[in-house]
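One structure, as structure tokens, below. Some questions next.
We just call them A, B, C and D in the order they show up, numbering each chain from 1.
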Amino acid sequence: MKSLRAPVVANAEVAPGIWSLWFEHPGLARACRPGHFLNLKPGPGPDPLLRRPLSVCDVERDRLRLVFRAPGRGTALLAQLRPGDELDILGPLGRPVRLPKRRTVLLCGGGVGAAPLLLLARRLRDENRVKVFLGARAAEGLILTREFSRLRLEVGFATDDGSHGHRGPVTDLVVKNVHPGTGQLVYACGPLAMLADLARRVKGAEAWGFFEERMGCGTGICYCCALPRKGGGYTRFCQEGPVVRLDEVEL
Amino acid sequence: MKNHSVRLRGVEFANPVLAASGTWEFGLRFKAVSARLGGVVTKGITVEPRAGNPGPRIFEFPGGILNSVGLENPGLERFRDEVLPEVAALGTRVIVNVAGFEPGEFDRLVGELDREPVAGFELNLSCPNVGHGGAAFGQDPKLVEDITRRARARTDRPVVVKLTANFTDPVATARAAEAGGADAVTVINTLFGLALNANGRPFLGGRNGGMSGPALKPFALYCVDRVAAAVGIPVIGCGGIMDGRDALDFLSAGAALVQVGTASLVEPDAAARVWTGLRRLCRDLGAESWADIVGRTRRED
Amino acid sequence: MKNHSVRLRGVEFANPVLAASGTWEFGLRFKAVSARLGGVVTKGITVEPRAGNPGPRIFEFPGGILNSVGLENPGLERFRDEVLPEVAALGTRVIVNVAGFEPGEFDRLVGELDREPVAGFELNLSCPNVGHGGAAFGQDPKLVEDITRRARARTDRPVVVKLTANFTDPVATARAAEAGGADAVTVINTLFGLALNANGRPFLGGRNGGMSGPALKPFALYCVDRVAAAVGIPVIGCGGIMDGRDALDFLSAGAALVQVGTASLVEPDAAARVWTGLRRLCRDLGAESWADIVGRTRRED
Amino acid sequence: MKSLRAPVVANAEVAPGIWSLWFEHPGLARACRPGHFLNLKPGPGPDPLLRRPLSVCDVERDRLRLVFRAPGRGTALLAQLRPGDELDILGPLGRPVRLPKRRTVLLCGGGVGAAPLLLLARRLRDENRVKVFLGARAAEGLILTREFSRLRLEVGFATDDGSHGHRGPVTDLVVKNVHPGTGQLVYACGPLAMLADLARRVKGAEAWGFFEERMGCGTGICYCCALPRKGGGYTRFCQEGPVVRLDEVEL
């Protein structure tokens, strides 16, 4: 597997501290499925050394979109990229979501966790009933709301401070919409605490989480990614995930 | 250079670039890259399966990483029965990295795998010696010699001893490995390191980690230079090799082969690129055989 | 925190951040910065003047540098007569780093400088012991204890022993220093390293060099954590400290003071910034005294 | 001493592999004298770690000019700077040239070594007779020729391949113009071999070299810069130089 080069088409801060980056790569645009992630070199040279994993947020013809927070040095460099700059990408990586048919699918995004759910929603909505729940600390942290609306799905919001939608955790909305025994599916992406909350509270639906924890290679060769598996041992979630059934891991 | 191959105890490696243990799984993930290398060293195998350390297992710092994988591996039996058949079909020289927590585990692993289609063994002496207060085997020359000798008795294939430089002069342990009958020494394994969270607690799930990557290179090169001058068996250089020039430096300092570790985490074809780069540099230097390059740092001319 | 000062053998340092030896000359170049620090450690002083190594003396690698200055210094006499008067006027605590090539040189330096206005001494045991085949004093716990005891006998001011971790467990030498009467140990000095030219020859004029900078931090932090757990005297953390967070990490791991080295080569006010940053972090943590921070990595709560 | 920030005004490749960068900093523009150098951080973060020393090539009102080759990683980053980007500068450093009066001064620049001679020529020409000799491998490597011409000085050229001016080392031109006993001064900047050649061949004039060797701090605190002094010991040339009398060092 060789790393790929692709030109940045646009990059802008879309919410406080959150960037949306479009780049062009026909091959990747064709290959990327919901659940795939890309591993990006933050800059040339040996520092920062490791690639940064980011989920594919959306695909439009030959272009792909990444939406990311910039908590550290590597993503800060990605945030500085301008149109015409080149990305150095390894991917697609991970195991894509197996897309269901004729189901009710609840999507739950916390903060920037909304990002990978957009592509998933897009690919699910024709053959499933999709409801999306987005949460954030305050209204300004809710992202991709317009994009989800354009998909003509049911979209619910939750904020910790009640500034938009339900006041409280976004998981409340999911729990309220779970109807046991109806074959519902839940896909969630967000902080570990949110996933743990869902794992505890969602009964009677198959719930999956997008895990965004530390990785080394992202390609399965280093064993540096480790989610504790129920019953012992660890899941190398860059290979078996990053989307993992919540009842299979210890949270 | 017409012939790029290197031999260890009669086993021929097509070129001197190997994938380092723990950074290339079993060579199966990127088979085309494995096929272009002199060989691959497997993830460390222990007698019993090991789940490894809790996460996080990796920490990044300027120029390097710390890892605390904790030797996660399927154990001897599953490795032999489930992994090896696939590995054997790779068409690449496969050196099995074996690790133990008691001296007897090393020769047991070597003995049981000696019937299998593997090219040789690398003894990873960096694990704590459980019976002896936890210092690593590799820190005690007497233990190194003893473990090497016992492994030597169990196989006729190449036995490589991977040395640690943690608070230990690898010259002493390299001599011990040589005395014990090793065919080569790998210099060096990771260096101890600690990273903390903002709350002052260890960042890594395994508490301490092992340093690797470009930040390690000057130290690793220093060790190779010293060890190569002190022993008669080949040295396999390892530590921070990212490109052909790095590999050339290790050969100049006296290594007969090199291993590429951390670089493969960043670029899956890093080891193959190291080989391409090294070959080009040697061609530009007009080298006619490895002897023109290996050890030239200390050669009078 | 109301009181930021730290004491060693009764001598008060206004804050725990010192400039490291060899990276701050004699503190005279940037006096305003020196004045904001807990103290400065001088360039290593030897009995005889030393010209140092031929150039190049510095090599850069990802995350760090190698240096081979070779202890260039004016020697005891000129240091005392020409440099010290100016240094004494600095209004900062000045620790004199003394280095020797025979055991007797350390106590001689300490003895002769004990009449001068200096805050204390740091014994740099990393030089090769000329009479004994060239291994550094700091690699032999018995020599460390002996040299420390002899220095101790010559002064009532703080005696700090600067440890090497080169192929040596600093826990053993720290215990030896403690037994010899040291008031603190500095952990750690540079780590051996080698860099080569394209032609395979050593890049540095002094052949080998000493690694420093951020690439060294995880290893240095690991050493501090171990040494602090093993001895009762204060530890001075050193290695790759670039900002307040780095300093906080060393204190968490058990250091009572820290030294800033390589960072000052890049930013002349780096050490002062380390102190400002550390102070802010400790305020944000709500620490009321250094005891809240120092050693919290191992504290149960 | 605090590092300074200054915006890049222009940056362009002016000869193969040689960049000319203008930046604005009124304070530095006032303070910099011929012989001063600046120590520049190639980028933020810890890698490359060390600053890169570059001579002040020219000053025009509030602006300063640097002209540099990009042999390695750090200067490659400097070469990529665009107008508006910020430089992180330590300086002025080193000991400026003590400007003579009413003398004949020969300036000798090899390759990019012409850079610091431009400011020197500008400051010398009103009160001295200045002759400039520039050398390079081939014509395309001769830089700043227009700038020197505008100063209305005698300018001579030498190239190894004879593609412009004298065929042979630029030092030939200097040697030809030295008249012992007339109080001439020579200032030279270029490869070490060129300085050594001058040191050997210039008799009867006071010859100085701009030394561009490895440094650590550039500020005098690390002893990592070392030119062997005649008679033993080393010159810390970031302090005592970077312009050093050629007969005081061992070349």
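In this text, a contact is a pair of C-beta atoms (placed from the backbone, for glycine too) under 8 Å apart; a residue touches a chain by one contact, two chains touch by 3 or more.
A quick note: this is a predicted structure, and the numbers were derived from the prediction, not measured.
Undergrad: By the contact definition above, name the pair with the higher C-beta contact count: B-D or C-D.
TA: By the number of C-beta pairs in contact, the winner is C-D.
Undergrad: Which chain has its C-alpha centroid farthest away from the centroid of subunit B?
TA: Comparing chain centres, D lies farthest from subunit B.
Undergrad: Taking each chain's centre as the mean of its CA atoms, how far is subunit A from subunit C in angstrom?
TA: Roughly 47 Å separates the two chain centres.
Undergrad: Measure off the straight-line distance from the CA centroid of subunit A to the CA centroid of subunit D, and report it in whole Å.
TA: 53
Undergrad: Can you check how far apart subunit C and subunit D are, centre to centre, with Cα atoms defining each centre and the answer in Å?
TA: 36
Undergrad: Multi-chain contacts only, two chains or more: what residues does subunit D have there?
TA: Correct list: 45-47, 49.
Undergrad: Provide the list of subunit C residues touching at least two other chains, using ranges where the numbers run on.
TA: 62-64, 213-214 - these are the residues of subunit C that touch more than one other chain.
Undergrad: Chain contact topology under the given definition, line, ring, star, complete or other?
TA: Topology of the interface graph: complete, with all chain pairs in contact.
Undergrad: Inside the complex, what are the residues of subunit D that reach subunit B?
TA: Interface residues on subunit D, with respect to subunit B: 45-47, 49.
Undergrad: Which residues of subunit D touch subunit C in their complex?
TA: 1-3, 41, 46-51, 90, 213-217, 219-228, 232-234
Undergrad: In the complex formed with subunit D, which residues of subunit B make contact?
TA: So the residues of subunit B touching subunit D come out as 62-63.
Undergrad: Which residues of subunit B touch subunit C in the complex?
TA: 59, 61-64, 66, 165, 167-170, 191-196, 198-202, 208-209, 211, 213-215, 217-219, 221-223, 225, 245, 248-249, 252-253, 293, 296-297
Undergrad: Name, in rising order, each residue of subunit B that touches subunit A in their complex.
TA: Against subunit A, the touching part of subunit B is residues 22-25, 29-30, 43, 51-58, 60, 62-65, 67, 69, 72, 205, 213-214, 242, 262, 264-269.
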